[in-house]
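Multiple structures follow.
Note that chain A is present in both complexes that follow, paired respectively with chain B and with chain C.
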Partner chain A sequence: MSIILNKLKSWEGFLSLILISVILVNSLNSESFLSIDNQINLFELSVEKIIVALIMVFIILNAEIDLSVASMMGLSACALGWLVDSGTPMILALGLCLLIGAMGGAFNGYWITVFKLPSLVVTLAMLIGFRGLARVLVEDRSIRVFPSWFEALGQQPILGPIPLSIIIFLGLLILAVIILKFTGFGRYVYFIGINQNVALYSGINVSRVKMILFTASGIISALAGILFAARLGAVRGDMGLSFELDIITMVLLGGVSIFGGSGSINGVILSILIVLYLRNGMSLSNITGHIQTGVIGGLLILSVLIPNLQKMIHDFLNQRRKQLQ
Partner chain B sequence: MTLKTSNQPILEVLNISKRFDMTQALSNVSLKMYPGEIHALVGENGAGKSTLIKILTGVQQADQGELRLSGAPVKISNSQEAQTYGIAAIYQEPLLFPDLDVAENIFISHQDHGFFVHWDKMYKEAEKILSGLGVRIDVHNSASGLTLAAQQAVEIAKAISLNVRVLIMDEPTASLSDHEVKQLFRTARQLKQEKNVAILFISHRLEEVFEIADRITVLRDGKHISTRPLSTVTKESLVREMVGRDVDQFYATRKTRAVGKRICSVKNLSKESTFYDISFDLHVGEILGFAGLVGSSRTDVGLAMFGINPADSGSIELDDNIVEINSPQTAKKLGVAYMTEDRHQLGLAMPMSVTSNITLASLNQYLNRYGIIKREKEGKTAKEFKNRLQIKTPSLEQEVGTLSGGNQQKVMFSKWLNTKPKIIILDEPTRGIDVGAKAEVHAMIHELAEKGLSIICISSDLPEVLAMSDRILIMREGRQMGILASREATQESVLSLAMGQKIGIS
Partner chain C sequence: MFYRKMITLVPLFAMLIGSMAMGHTIANKGQRADLVLMPKFLGILVFDQANKGAKEAHSELKNPGKLLFLGPTPENSVAGQIEILTTATTQGQDGIMISNNAGDQIVPAARKARAKGMTVVTWDSPIPSSDGEQLFIAQVDFNETGTVMADMALRIIGPSGGEFAVLSASPDASNQNAWNAAMKEALKAPKYSKIKLVDLVFGDDQSEKSYNQALALLDKHPNLKLIMAPTTVGIAAAAKAMQDEGLCDKVKVSGLGLPAEMVSYTMNGCAPEFALWSFVDLGYLSYYATYLLATKQIEGIAGETFKAGRLGYYTIEKDPTRDKGLRVMMGPFTVYNKDNVEASAK
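Here is the complex of A and B:
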């Protein structure tokens, strides 16, 4: 019993409680909520964001931030449209897009590791830069040039009812859990996040770890952009605009400390589910998108407030108990 | 013993107890402090000194017991309240606002209120206090440019401006040079004589305690052991009370041993505006001490050899090959380890487990070909070091930040020994740890040298350097003043070199 109580006191326990209540309310509100179709659909609608959230966990654990992810999604999608439009074979175009992701991410990493610039500034610049490039490539057009097999990959289920993008997400999720929990690299990510200098003075190649993370962030954002393009069947310059905020919200709500070094994928999975289910539940009840965004914002504020409130109440009760004794 | 006392103690601690989860940090501790006395508080790490200070300054509250100020019971529930009662503390690392100037720092918490700050008055007041202390600091300077000693003087001035009645000095001398310590002591005596302040002085250096204290209180394992006037205490009796057993010697006797062949030769190592022309040989199984005052750049030479801040010119030869050490990774590969003096900021990741800190620098040994950590092998290593170095911890999964200073130091040793180095640079290996742990660390260093490890030991503790080293390299302001064989070295000869009288280099 006390084990369960202790679990509930932890952040993950708290998130589980919220998740359960969201699921309860949703399924009471709408019969279709728990149907497989709805479940797949609600994941599919946000799959690009939650894929990028996985790498964002690593970046924030490392006490860095990458604001340029959504712009990179847009850039890779637009580059794909532009390349195919100008006659590049589809497969080659896909490869080039991933390469653009790698180069863009490495570019971020270069300024952060070699010139020791804050990632907040560097990736903010690239948020503008990548988006600008995307808009230059497609201008005001909407490019719809993809072969039908590519659109089918983005829209049709390939394994039972599950589409490719969700399978990719699940694969990356397992990979992320393994890397973070069991590998030396994951250990380094935590140590660097807790205290970069301790890692440096232990002879760990801190720059290399950061470089790998930002490059991976670029590649995965580019991949998410490609999946986005496949799902929509067309590309536009404003694709993925301001997705970075949702992505970072999911990670922080999941209990990953913005100061680095603490948090886990488990919490982030819970927070992803909460955010997706909340949005879906509100959609099913015909609540508009703007209000949905407001609710998610409120949740983020609560996520910061509640642990503090909890501590205050805890301290207060303890003091009372002492006085009574 | 010239206690200018009325018999009324200014501060009374009565039967204070404090418990943290599993550990009883203080049990039934009582202490009286009189105006105009310097009262030393000594004890090993974990004896309860820090907890007691935290309770006196309102950072933590006692579970049981009472505090009385001039006879009246008081409750101190935060540091502002402590301030209003006239209780102030200064620490080893002063907590000033680096961008504010000296006067602003002094009056930070109690500027003359009203809508405008009375700048003129504030600067004059600040100057008056500082000159009263016999300290010359320009009150318009920003705090960031001050030496540690000057920063402490500012903290003391701040306490005076708050009409301090009880001043707690928590290891104020740990980072000061001898000269600065003398200055601090002059200030402390002045406070006691002229302002009738009661000073609670905490230090790990017993020499200092004997120099300055009027009375000495010993804590051990959270219990009050004794409070005696200085005249009835000897060094031996004090140490006996602190550790609860006889410690034969402060320092393990150094056996004269033959050192092996040359393993490392450093020639004319220089780094612009830091250190110049450092040259020495290091042999297998040798302990080479680095002595010098604060600011002599000994640490910088260590950091250059470890590749954190590589040197600009000069050469390092390992096993007769000239090597280029431009990163800690290279140093590690070449078998050079550097154990930092700053456990908290540079040495250990405090929220991580003992095990993962021990294997941090050698994690590659524990990875399979997919990069997965072999937990079992890792745990085995941690256990080996726990037994070998007698690390006291409830479990190896314990957060390393919860261990005592001495045990944290042992975890750092484990971390570097596990990289199987040929040369280890120890920077202040016994800073901030208690007498018992100190003796253990000394014995350990000797044992490592016996086994053929070559050791560079940077230390500000002169008796320690003299007792430990085979040879001593003395530095002053970035320059090498000489190398003495330990049998010809004395406190006087090392100190005179460190303070600038050059004699023949051997």
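Here is the complex of A and C:
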């Protein structure tokens, strides 16, 4: 256990080092980087992704994956546009969208827990399914029907310079930390991720935990979709297309093991900051397009490579020590 | 002698007064404006050509500011365009030229840019609601496409007349349908009476399907003299099919194509002429309009006329295709043949 803890500590230390250098380079490169406007903007531009990343931490810790999150964002946004366009009152439409999220998530959970299908397959199918439904709802149109108060919620600051979506993110972040660190449920999440069978025979209701996680993932993705619609003021069938890759990248870079059971929310916060600051810094230096994608992809490869290299070196040294003895 | 001088001067004065009254703006060079040209996404030839035109205008106007060419990747086009526009606002750029791929979703970011005093101009593809946009630089009038294609058909088939067929993209593409309908309408004029449209097929803008459809047309219509493809994919595929079959002497290909893709077929006679609007000119004109707006030399209201360097005078007008919104219509088509295709292909 102490080895794992040490490793985690060093990984977070490594991330902090990267983060500090990114911040340093950015602030030297552009005077607007540290301005409050820019800081708010760079969070606002990706706020929907980082909200979903929070629940993705739980799912991956549980040794599962949810590939359907971005499609659910698109579906809930499009459903909102479609409902309001066909005359549904705004508040009711918002409620219905969250319900769609809950049902979609529970549907994923049902196949995963009852039929024991791999979440990779189930949520991949729903990645296609939810997206298809979103496209059916709005076709090739761009729907722009929202009342001005809804658009204002997505686009105007409500607390000082901070918009609602960032406040929601911070609230959910605190909630996630509390659940993961201080509740029994949080411990179950880790435990199931480390060894599902042991958890099962220890009397943990594994299915219930997984069901809750996937349903929550659906609801939060739907919420992110609503916030996305409010920020852009219009919806289209391709909203949030391939966001799941960015979301999973942030979680894995944060040191959460893809095999489950290890990782922390602190690491993910660091990796979110690294990805957002790196992207913003490159944009401010007018580096866009494929180079940006390439740099972030390279970072992910490093994040997988470095722990493995570390382990290899560690094993090698241990072996040497044994031989010497 | 004096009298004659006066006569030549009168129209000059009249023009001068006239142009002042109507607000013909001629660009005041050398003013500073940092501008951004944003395509739908990077890696597309026509957008690089637009950048070439914008660069030409940039150096011509001796703008001491910077011109940046920034675009997202194709997979991330919508979010990427919004991000670039937001960052440009943060950086304090003076103006941006957008080939909009984000529909109305770009409106909030465009409004914020406008609120910070940035000039927002669209080109190639406008903001549908025109919200947040000052001006749209439109490429061509779609009705003109019909006449251009009919004229090319007439020139290629010749005065003795003959049969031709259309290889279009897909039955659902509204611009294709509008162009084909416009061409049928144009063909009713008496000067086209000897050329006959015998078929209309669809290649779905896929190279292989278009290639096969072109060959199928030959089997169906043995007297065919020309295949007209109003799509850059279709025209290249049809030209390749005719070249592969060694039929270029008998059946010619024409339509809307990219010089870089068509240059070899034009030079070997398979596709003696084809048309497209010049994306170089579109970038050039967009730059002029944006520079003039950003340096406050024009206001961007309907009726204003300005000079865009080598392209001449343009007037800002109400956009008939959108409820609100103003446009500048570039036009006309450039017809490419042996004389000019090589220069444009570079």
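Please note the rule applied: the second predicted complex is superposed on the first by the 298 of 325 C-alpha atoms of A that agree within 3 Å, B and C clash if a C-alpha of one lies under 4 Å from a C-alpha of the other, contacts with A are read in each partner's own complex, and residues count from 1 in each chain.
Following the convention adopted for this analysis, contacts are C-beta pairs under 8 Å (C-beta built on N, C-alpha and C of every residue); 3 or more make two chains touch, one makes a residue touch a chain.
Worth saying up front: this structure is predicted, and the values here are computed from it rather than measured.
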Simultaneous placement of chain C and chain B on chain A, clash or fit: fit
Partner chain in contact with A:I162 - chain B first, chain C second, else both or neither: neither
First (chain B), second (chain C), both or neither touched by A:A152: neither
First, second, both or neither for A:L98, with chain B first and chain C second: neither
Partner chain in contact with A:S142 - chain B first, chain C second, else both or neither: second
Chain A residues touched by each partner, larger count belonging to chain B or chain C: C
Touching partner for A:I194 - first (chain B), second (chain C), both, neither: first
Cα-centre angle that chain B and chain C span when viewed from chain A, reported as a multiple of 10 degrees: 140
Partner chain(s) touched by A:L299 [first = chain B, second = chain C, both, neither]: neither
Distance of closest approach, chain C and chain B, by C-alpha atoms in Å: 39
For the chain A and chain B complex, residues of the former touching the latter: 178, 182-185, 187-188, 190-191, 194-195, 197-205, 261-262, 322
For the chain B and chain A complex, residues of the former touching the latter: 63, 308, 327-329, 331-332, 338, 340, 345-352, 356, 360-361, 363-364, 366-367, 370-373, 415, 419
Residues of chain A defined as touching chain C within the complex: 30, 32, 35, 37-38, 41, 45, 142, 144, 151, 154-155, 231-236, 238-239, 241-242, 279-280, 283-284, 286, 288-290, 293
Chain A partner contacts - residues on chain C that touch it in the complex: 41-43, 68, 70-73, 75-76, 78-80, 82-84, 86-87, 90-92, 103-105, 107-108, 128-129
